[in-house]
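Common to both upcoming complexes is chain A, partnered first by chain B, then by chain C.
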Partner chain A sequence: MALVLDGVAFGLQLALLATGLTLIYGLAGVLNLAHGQLVVAAAMVGAVALGAGAPVLLALGLAVVTAGAAAVLLDVTLLRPVYRLRGQARVLLSLLLTLGVAFAADGLLVHSFPFTRLNLSVATPSVELLGVTVRSASVVASLVAIVALGGLVVLLRTTRVGRAIRSLTQDEEGAQLCGVDPGRTRRLVFVLGGSMAGLVAVTQGLVSSVGATSGLDLTIFALIVTVVGGLGRVSGAVVAGVLLGVVHAVAAFHIGTVLTFVILLVAAIVVILVRPSGILGGAGS
Partner chain B sequence: MLTVEGLRVAYGDIEVVHGLDLEVAAGEAVALIGSNGAGKTAALRAVAGLEPGCSGRVRLAGEEITGLPAHALARRGLVYVPAERRLFGAMTVRENLVLGAHPERPDRDRLARVVELFPRLAERRSQPAGTLSGGEQQMVAVGRALMRRPRLLLLDEPSTGLAPVLVEQVYAAFARLREAEALTVLVAEQQVPAALQLADRAYVLEDGRIQLTGTADELTDDPRVRRAYLGLT
Partner chain C sequence: MSGPLGLGPGGVVAPPASSLRAYLPIVVASVVLALVPLSLGGSRYFLSLGVHLLVVASYAVAFNLVFGSTSQLFLCQGALAGAAAYCSVILGNRYGLPLWLTIPAGVGLAALLGGGLSWVAVSRRLEVIYLGIVTLAFSLVFTNLLLGGRELTGGETGLVVDGGAGTWLRSPAAAYYLFLALLVGHLVVYRAIERSRLGWGFRALRDDEVAAALAGVDVARAKVTAGVVGAAMLGSVGATFAAHEGFVSPTTFAFGEVDVRVLVVLALGGVGTLLGPVVGAVVVTVVDELLRPLGQLRLTVYGVVLVVIFLGFRQGMVRSVRSLWMRAGTRAGPRTD
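Our next item is the complex of A and B:
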C-alpha cells in the first residue's frame, strides 16, 4: 500500500510533466525535447530567488512564469520556420531544433548554476493516509499536481478557449475556418505547457530536489509517459503518468533504481504493443 | 458583396488559376462550374484565405480583404465550407456547431434555428461528428458555417459523397436559406444541374480561366454547357 501511494504521488508528477509536452505536441505538432530544461530553468530561477531572500510563494511564482515565458519565447522565435512545414516534416524539424535547444540550454544551465538546487523539502512532518505514514511534502506536491491537472481538464472541456484548443488539435484548417486564430492559440498552449513544466519544478522541489543536470532525465520521463498516453492526448498522459509512477515505485523497491528507465521502457513497450494508439485506445483528444 | 479581380493561384511553379475576375452581389447565389482540375477549389481556397501565396484583389462588401488569414475572414462573415468538410471528428455535433461562431458565445436561438433546418442533427447532438454518415456530416459542415450568420457562404462541392436524394435535400436547404435569410452564396459544383437550379448566375471555369458566364437560365440553354456538363444535346 505504501508503495502504491508513493507510486501515485510520483505518477502525478509524471502526469504533470507529460501533459505539458503532449498538449504542445497535439496542438503545434512540435515534440519539444527541451521540455526537461524548462523544468530546470524554472527550478534555477526559483532557487536563486529563494537564495536572495524572496518569499517562498513569490519565488515559486517566478519559477512557473519563467518556464511559461521560455516556452512561448521558443514558439515565437526558433520554432517559426517549423510552422511552415506540415505533418511529419514538421515533427522531424521540431525534434532537431528542440534537441539543439536542449543541448544549448543544458550547457548554459549547468555552466551558470553548477551547485544550485531547488530544494523545498524542509523537514516536513509526516501524516497518516489510508493507514500509511506519508510525508506531508508529498501530499502537498500531489495536491498541486491534481489541482493543476484538474484545472487543465476543466479549461479544455468547458471553456471557449479550451474548445478552440481541441479543435486546432483535431483539424488545423477546420479550426481556422471556424475563426480560431492558430498562432494566438498556439502561443497560449506554449504558455500553458511551459507553466505546467514550471509547476513540476515546484512539486519536485517539494519531494526531492531539482539540479541543473536534471533536464535530460525529465525529458525522457516526459517522452515515455507521452507515448504511453498516446501522443497529443491529455487524458492519456494523466492515466499513463499515474500508471508508470506505480510501476516505477514497485520496481524501484523490488529491483532497485539503477534500471529505472529500462523498466519504464519495458512497461511502455508492453502498453504500446497492446494498445498502439495509447493507453486509452481510440483517437481524439 | 464579393469582388475578385485578377486572382492568381499557383502550387509551386505551376499556376492553376490565371487571373480570375468574379463578382457576387448581396443576396445572390452564384455557381462556379467546371470539370475536374479546372481550379474551382483553388479559387475558393484563395478567396477564403487558405492560399497565402495567391495574388490579386479580393473585396468583401467594399472592404479590402486581400491577404487576410482564413480565421480573420471567417470572423468577418466570409465562411468557407470545404468539400472535405473538415469537421472535428472526436467532438460532438453540438460542439462542432458551437465552434462555428467562435469566438462568440454560443447562441441558443441560432443553434435551434440550424437544428430546425437539419432536424437529423437534433438526434445526433451528443454523438461524435466522426461517427456520422456522409450526408449527416455535410449537414454539420453547413450548419457549422451558418452558426455565424455568414455574409457570404462559399461552398465547395456540397454534393461530394452524397446519394442523389441527399444532394437534392442539401440543395433544398440552401434554397430555403436564401429565401429565409437572403443568404449570399458562391458554390463550386460538378453536379451542374443542382447548382444551376439554385444559382441566379454562373461562371464556367476551365483550365483556370473563365470560359463563359451568364444567368443560370442562359447557361442551362447554352449548347456548349448542355453538351459538356449536363450530358444533353
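Our next item is the complex of A and C:
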C-alpha cells in the first residue's frame, strides 16, 4: 500500500511533466526534446533565488515563470521556421532543433551550476494517510500536481481559449478557418507547457532535489509517459503518468531501478508498436 | 517530401555515371587520410585521435545510409555498434574464440538487430518520429541491460578484451590503417549501392514513398536492406574498435557518446553526400580538440552547431563547397543543388 501511494505521488509528477510535453506536441507538432532542460533551468533559477535570500514563494514563482518564458522564447525564435513545414517534416525538424537546444542548454547549465541543487526539504513531519505514514512533502507535491492538472483540464474543457487549443490540436487548418489565431494560441500553449515543466522543478524539489544534470533523464521520462499516453493526448498523459508511477515504485522496490527503467522503456516501445494512439486508445490523436 | 523529410536539398543527385568519376573521391580521400600519420610524425596521441576520427566517420557513413538514403531515423548507432562489440568480446573471453570468428558474429548480431528494427518500422508503418523514439528507447534499454547484467557484461566497469591482446591490433599506427581500410570499405559499399538498382530505389523513395512504390520500388525491402547493411557497418567498426582498445564499457557506446557526435558529424558534412561523413568527422575532431579546455561547454557548442545547421545550412559543408565551386566555375550560372 505504501508503495502504491509512493507510486501515485511519483506518477502525478510524471503526469505534470508529460502533459507539458504532450500539450505542445498536440498543438504545435513540436516534440520538444529540451523539455527536461526547462525543468532544470527553472530549478536553477529557483535555487539561486533561494540562495540569495528570496522568500520561498517568490523564488518558486520565478522558477515557474522562467520555464514558461523560456518555452515561449523557443516558440517565437528558433521554432519559427518549423511552422512553415507541415506534418512529418515539421515534426522531424523540430525534433532535431530542440535536440540541439537540449545539448546547448545542458552544457550551459552543467557548466554554470555544477553544484547547485534545488532542494526544498523543509522540515517534513510525516502524516498518516489511509493507514500508512507518508512524508508531508510528498503530499504537498501531489496536491500541487493535482491542482495544476485539474486547472489545466478545466481550462481546456470550459474556457474559450481551451476550446481554441483543442480545436487547433484536432485540425489546424479547420480551426484557422473558424477564426482561431494559431500563433497566439501556440504561444499560450508554450507558456502553459513550460510553466508545467517549471512546476515539476518545484514538486521534484519538494520530494527530493533537482540538479543541473537531470535534464536528459527528465526528457526521457516525459517521452515515455507521453508515448504511453498517446502523443498529444492530455488525458492519456495523466493516466499514463499515474500508472507508470505506480509500476515504477512497485518494480523498483522488487527488482531494482535499472531493470525498472528497462520495463518502462519496453512499455513505451510496445505501446508504439501495438497501439500508437496510446493506452486510452481511440482513433487519431 | 523532398530529401529526408525536408533535410538536404530537394533535388536528389544521382552519382556520376562513369566508374572513374564515381570512385575517384574515395581514392583521393583515402590517400589524403593515409598520408596524415606520416605528416604528424606518428605521435601516439595524434594516431589515437586519428583512429577516433576514422571510427566516427565510419559510423556516420552507416547513419548516412540508413537516415540519409532511406529516411529512417535510427537513434541507436551506439547501441548497434555496442551490441556487436559486446557480443564479440563476450564470445572471445568466455569461450576463447578467435577474433576472426567473434567479430563476424558480432556484426551478424548487429545486422540482425538493425534489420529487425527496420522491419518492425516498415511493417508497423511507423512515422519517423515513432521510429526515432523506438530506437532511442532501444539504445537506453541496451545501456541499462549492460549496467544490469553485471555477470555477463561487467556492468559499469566494463570488460577487458582478451582477443587481440599483444598483437599489432593494439598498435596505434597499424590500427589507424585498419580503420582507414574499414572506412574506405564503407564508402565503397555506400557508393556501390548508390549506383545500383537499389540506390535508384533509395532516391525514388526519398522523394516520395508512394510514388516510388507505384514505380515498382519494393520500399519495404529497400528500407530493411539499408537497415541491415548500415547496422553491419556499425557493428564491424564497434567490434573492431573494442578489439583495438582492449576494453569496453557502457560509456564507449552510450547515446551521448556516439549518436550525438554522429548526428553532428553528418549534419555538418551533409546528409546524403558521399564524403560528408569524412569532412564532418575531420571538422568535428579538430574542433573538439581545440575546444577541450571548454569542458562541459563543448556540448553547448555542439548544440548551437546543430541548431544553426538545421535552421540555415541544411545542405551541409560538402554541398555548400560544391555549389560555391560550381558558381565560381560558371560565373553567373544557376546553382545546381
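Here are a few things to note about the model shown:
FYI, the second predicted complex is superposed on the first by the 273 of 285 C-alpha atoms of A that agree within 3 Å, B and C clash if a C-alpha of one lies under 4 Å from a C-alpha of the other, contacts with A are read in each partner's own complex, and residues count from 1 in each chain.
Operating definition for what follows: a residue touches a chain if its C-beta (ideal position, glycine included) is under 8 Å from a C-beta of that chain, and two chains touch if they have at least 3 such contacts.
Treat the numbers as computed from the prediction; the structure is a model and nothing was measured.
Within the superposed three-chain model, A:Gly151 lies out of touch with both chain B and chain C [touch as defined at top]. Once the two complexes are laid over each other on the shared chain, residue contacts for A:Gly51 go to neither chain B nor chain C.
Counting the residues of chain A that each partner touches, chain B and chain C differ, and the larger count belongs to C.
The touching residues of chain C, counted against chain A in their complex, run 1, 4-7, 73, 120, 124, 126-130, 132-134, 136-138, 140-141, 144-145, 147-148, 256, 260, 263, 267, 295-307, 310-311. Those residues of chain A that touch chain B in the shared complex are 160, 163-164, 166-167, 170-171, 173-182, 283-285.
Partner chain C is touched in their complex by these residues of chain A: 31, 78, 81, 85, 88-89, 91-93, 95-97, 99-108, 110-111, 114, 216, 220, 223-224, 227, 231, 256, 258-259, 261-262, 265-266, 268-269, 272-273, 276. Residues 48-50, 69-72, 74-75, 79-82, 85-91, 95, 98-103, 105, 128, 130, 144-145, 148 of chain B are the ones touching chain A in the complex.
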